[in-house]
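The next part holds the structures, each set out as structure tokens.
Here come two complexes built around chain A, the first alongside chain B, the second alongside chain C.
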Partner chain A sequence: MNILIFIKQVADTEARIIIKGDQKSLEIENKYNMNFFDEFAVEEAIRIKEKNKDTQITVCTIGSQKAVEALRTAIAMGADRAFLLDGSKAAANDPLSISRILAAFAKKEGFDMILCGRQAIDDESANVGVMASELLGIPHVSAILKMEVVDGNTVKVENEIEGGRGIFEVKLPALFTTQKGLNEPRVPLITGVMKAMKASIPVIDPATLDIPQETLAAGASKITILSYESPQERPPVKIVEGETPEEKVKNLVKALKEDAKVL
Partner chain B sequence: MDFRLTEEQEFFKKTVADTIDRMVVPKAQEIDEKDEFPWELWKEFTKLGYVGLRYPEEIGGLNADKIMCMTFYEEIARGSVGFAQSVIMNILMGTYFLYRFGSKEIKERCLYPAIRGEKIATMCFTEDQSGSDLGATRTTAVRDGDGWRINGTKMWITNGPICDFATVLATTDPSKGLKGLNFFLVEKGTPGFASGQIIHKIGCRGTVTGELVFDNVWVPYENFLGAELGKGVFYVSDILDEVRLMTGAMALGIAKGAYNEGIEFARKRVAFGKPIGSFQLIREKFAEMDALMNAARLMVYYGAWLLESGMDARVLAAEAKMYATEVCVKVVDEVTRIYGANAFAYEYTPQRYFRDARFLLYGGGTQEVLRDFIGRTILGKL
Partner chain C sequence: MPKDIFVFVELKEGTVRKVSLELLSKGKEIAGHFSSTLYAVLIGHNVKGIAETIQPYSDKVIVVDNEGLADYRWDTYTGVFEGLLKKYNPYAVLGGSTVTGKDFFPRLAARFSGAIISDAVGIDFHDSGVKIKKPLFGGKVISWITCSEDSVIFITFRPNSFGVEKGSLNGEIIEEQFEAAKDPKINMVGAEKHVSEKVDLQEADFIICGGRGMKGPEHFQILEEIAGIMGGRVGASRAVVDSKWREYEDQVGKSGKTVSPKLYIGCGISGALHHTMGMDTSKVIVAINKDPNAPIFHYADYGIVDDAFAILPVLQEALKKTREEI
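This part shows the complex of A and B:
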């Protein structure tokens, strides 16, 4: 089975992020990781491979040379090979443009199954996986929590739906986005780390893929960032006064009704 | 001059840091509080394969270069120096002589399981009256039939009370002083080999440190770990630079751990309506700490580069250990001042770094012995 995984390198949750003066770009501290939800995708692929040795795991990402680090992490965990799609060569970078590039790469490489995180934790758009599946004309199930490969052509997956769980049987090829709870991503073995250090990672120019070039050009993005805003500062803590606990509760309820207007 | 790490080394550093953040950092406070060997963490961590770091791939190692080794020592000490000491004992001192001189059987019985984390190794130099002064070693090894009869007591042995085997320094001829010193392998279960008193330390807790007693212990001849009798002290010199740089790297790790927490605290802690990091006297501390740590880091990694290049690193390794451990003590002290009274509470981490930093002043040669060695080497025989 050929499993293809789309991953993204994102800023670490503890990295300092500053909105630049133009309000349209960010200055990010040099701390990056593989997207949290993509780790579940990599882990699941490795678990499939552990049960079925005849599996090849390919990982790809769109980004700068720096993103190679995230690809190496996937190899250290157990992926077989990785490709960097050179993000600097595509001026358009909205989710649809990214999906076009990934879908074109998937079509070129071939696959039985595509896995990716349900969303990236930086822009939180949750679009790319789903759009790529549409562009490829294959089924998808989002935010899966359980997966069982029934045979080479069929997969049974579960996801969370309002008030319960959805259970689906899906014919391959298909795309699944992964959710926290699917598995526990492994810490790479040092042998994997050494393999990843030595791995050669080809860089692919998106322009060489079968995509209408005008869709990658500057101005082709259908989403434009108008501005980034910092979250509002939290108001100071208010201590509810009162002589007795009863009076404090009474004052708290009053404040919730009149000041916060939540009751 | 190129100070950059290669892309591969950068990746190694990041992966090790992530692994330590995920597996060791969350347990560091608990390891310190309980002061018990963290068996569960040991099993989980050694499964990853880092213990084979510096050994060839053919024997289950990774053949990592010295820069990568220092990166690892620094990162694991940043996580928990109590845990780091035990792991590094298996990686370096506890297995070095077995790898270099052990027979095929000894390697299969002890070295390879130690690299897999299945056996715990230790190295015994120190006695109650000797540490840096190896010539004062009183433990003896005397030929007896087809083997050696060992008698003596060792102190301050990292992993000692829980070890599966020990590389023991003993004199085969007290009249020869340093030239009478040799190393011997003693395995757990050998009659007369027992652990004595456990030392309760103020820092580096979680590492079990204690006394090992050799009461008429007989070992076969092949347990002599050396190519030639009387060369033990020369073999020690072969590994000493690496041990000193490793101690410097651990000091960098402790300093970095404390410094990172100091940054977080200075950004969040508010006094007089502003984060304390906005006050000049607090900023000055960070400027000082950062400059000191950068200088120490350059020394440690330059020393590692010298070693890797096969160049003479004796003076620099001693200087790097001396300087980095003093920097560590200074940094953890400054961080406790940034934390104010909170640093005095067990609930916060600076007190742990403060206690841990002290031990590195003594391990790998005291500052006084190192200074004497450096000065003597520079001035030559007068």
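This part shows the complex of A and C:
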């Protein structure tokens, strides 16, 4: 089975982010990781391979040269090979453009199954995976919590649906987005890290894929960032005074009623 | 061409979700600005009675009612919307950034090669169109985004982004028929729905969250009782969920749910970044922690420095009283 995984390198949640003076760009501290939800995708693919040796796991990402680190992490965990789709060669970077590039790469490489995290934790958009499945004309199931490969053509999954879990049987090829709870992603072993360091990772220019060139130009982006701003800061905390719990609660309730007006 | 607005109406156990009413309220303002038409779009089975409940919130209510649409599936709903969008050609489609919204809108946007912005929290007018407010990096940065208008714009909003205005319209109900073709490659073999009286965590106006300071799952009972009094929900930190004291569906934070209730109370929560990223858009934040240096106090409006176990029973009584006064 050919498993293709889309991953994204994202700023660490602890990374400092500074809005530049023009309010049009950001300076992000040099702390990056593989997107939290993508780790479940990589782990699930490795588990499938452990049951069926005849499996090839390919990871890819769109990004700068730096994103190779996230690809190496996936190889260290157990992925077989990785590709970097050079983001600097594609000016269009809205969800539709990114999905087009990923879908075109998937088509070129071939796959039985595509896995990716249910959303990226930097923009929380949850768009690209599902959009790529639509562009590829394949079914998808989002936020999967359990997966069982029935045979080479069929997969049974459970996923998060509104107010519960859904259970689906899906004919491959198909795309699945992974949710926390699917598995426990492994920490790479030192042998894996060594292998990842030595792995050669081809860089692919999106322009060489089968996509209309005009859809890669900056003007093709359907959305444009106008400006960035800092979130409104809360005033400093008001510590509610009181000698006893009763007094503190009384003062808190009074403040919530009369000042904050939320009770 | 008029800039008509579509709102995808989501149902939960036979009633309209609050997030949909919020979007209809905001949609009315937008359609008013553009002198265009606000359409509520209701898809399902036996939903004609529900359609009447949203007439006050919309200029027109489009109803697509057939057996195949009883439950949400992306394949059938996308098919129906494809027909509707081609026929009505709206300027923008609004929906909730919910489990369903996140599954449905990208599929639809890709089919129409449209602009998509998800998990937005605000909208304003810009040039001849709109600009959208969307937090990035867990709320560390707020971005304002515009969309090209050469195709439909799809936007999902976080629940509790807008208030619900009292409906004063009387939207005409239009019944449409569209085929709900299922993708034969995907077969739903079952579903487990939690039968729950609880409000949705993302839609709750009141959330009381417990952290590791609650010391064990049994101590969440009092939080449940307080949430019950306030008609709200109990949330939990990641540490609590990882310790299996609470279900993952209760988790507030970066790897859980993003919430913005009117009132959030954190009990025994230290305020690690991955938690505060999921709740810092709450209107009012109260922190109860015995450690005066806990980072949560940097995010809170009001703080009580004390043992949560001493405060909670007193708070429960006091909140009960405020409810009785109403």
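In this text, the second predicted complex is superposed on the first by the 254 of 263 C-alpha atoms of A that agree within 3 Å, B and C clash if a C-alpha of one lies under 4 Å from a C-alpha of the other, contacts with A are read in each partner's own complex, and residues count from 1 in each chain.
We adopt the following convention: contacts are C-beta pairs under 8 Å (C-beta built on N, C-alpha and C of every residue); 3 or more make two chains touch, one makes a residue touch a chain.
Predicted model only: the values in this text are computed from it and were never measured.
Superposition model on chain A: chain B and chain C are shown accommodated side by side without a clash.
In the superposition on chain A, contact of A:K8 is made with neither chain B nor chain C.
Using the contact criterion defined above for the overlaid structures, shared-chain residue A:L189 touches chain B, although it does not reach chain C. When the two complexes are overlaid on their common chain A, residue A:P139 makes contact with chain C while staying clear of chain B. Contact with neither chain B nor chain C is seen for A:K49 once the two complexes are overlaid on the shared chain.
When the two complexes are overlaid on their common chain A, residue A:N33 makes contact with chain B while staying clear of chain C. By the touch criterion defined above, A:T73 lies against chain B but remains apart from chain C after alignment on the C-alpha atoms of chain A.
When chain A is checked against chain B and against chain C, the one touching more of its residues turns out to be C. Between chain B and chain C in the chain A overlay, the least Cα distance found is 9 Å.
Residue overlap on chain A between the chain B contacts of one complex and the chain C contacts of the other is empty. Against chain B, the residues of chain A that register as touching in their complex are 33, 68-69, 72-73, 76, 187-191, 193-194, 196-198. Taken in their complex, chain B has these residues touching chain A: 7-8, 10-12, 14-16, 18-19, 22-23, 47-50, 52-53, 62. Only residues 10, 12-13, 72, 74-75, 98-100, 102-103, 105-107, 109-111, 113-119, 126, 131, 134-148, 151, 183-194, 196, 248, 254-256, 258, 262-263, 273-274, 277, 280, 283-287, 292, 297-306, 310-311, 314-315, 318-319, 322 of chain C touch chain A when the two sit together in their complex. Residues 11, 13-15, 17, 19, 26, 36-37, 94-96, 99, 118-119, 121-135, 138-143, 156, 160-171, 174, 180-181, 221-231, 234-235, 237-240, 245-246, 248-250, 252-253, 255-257, 260, 262-263 of chain A are the ones touching chain C in the complex.
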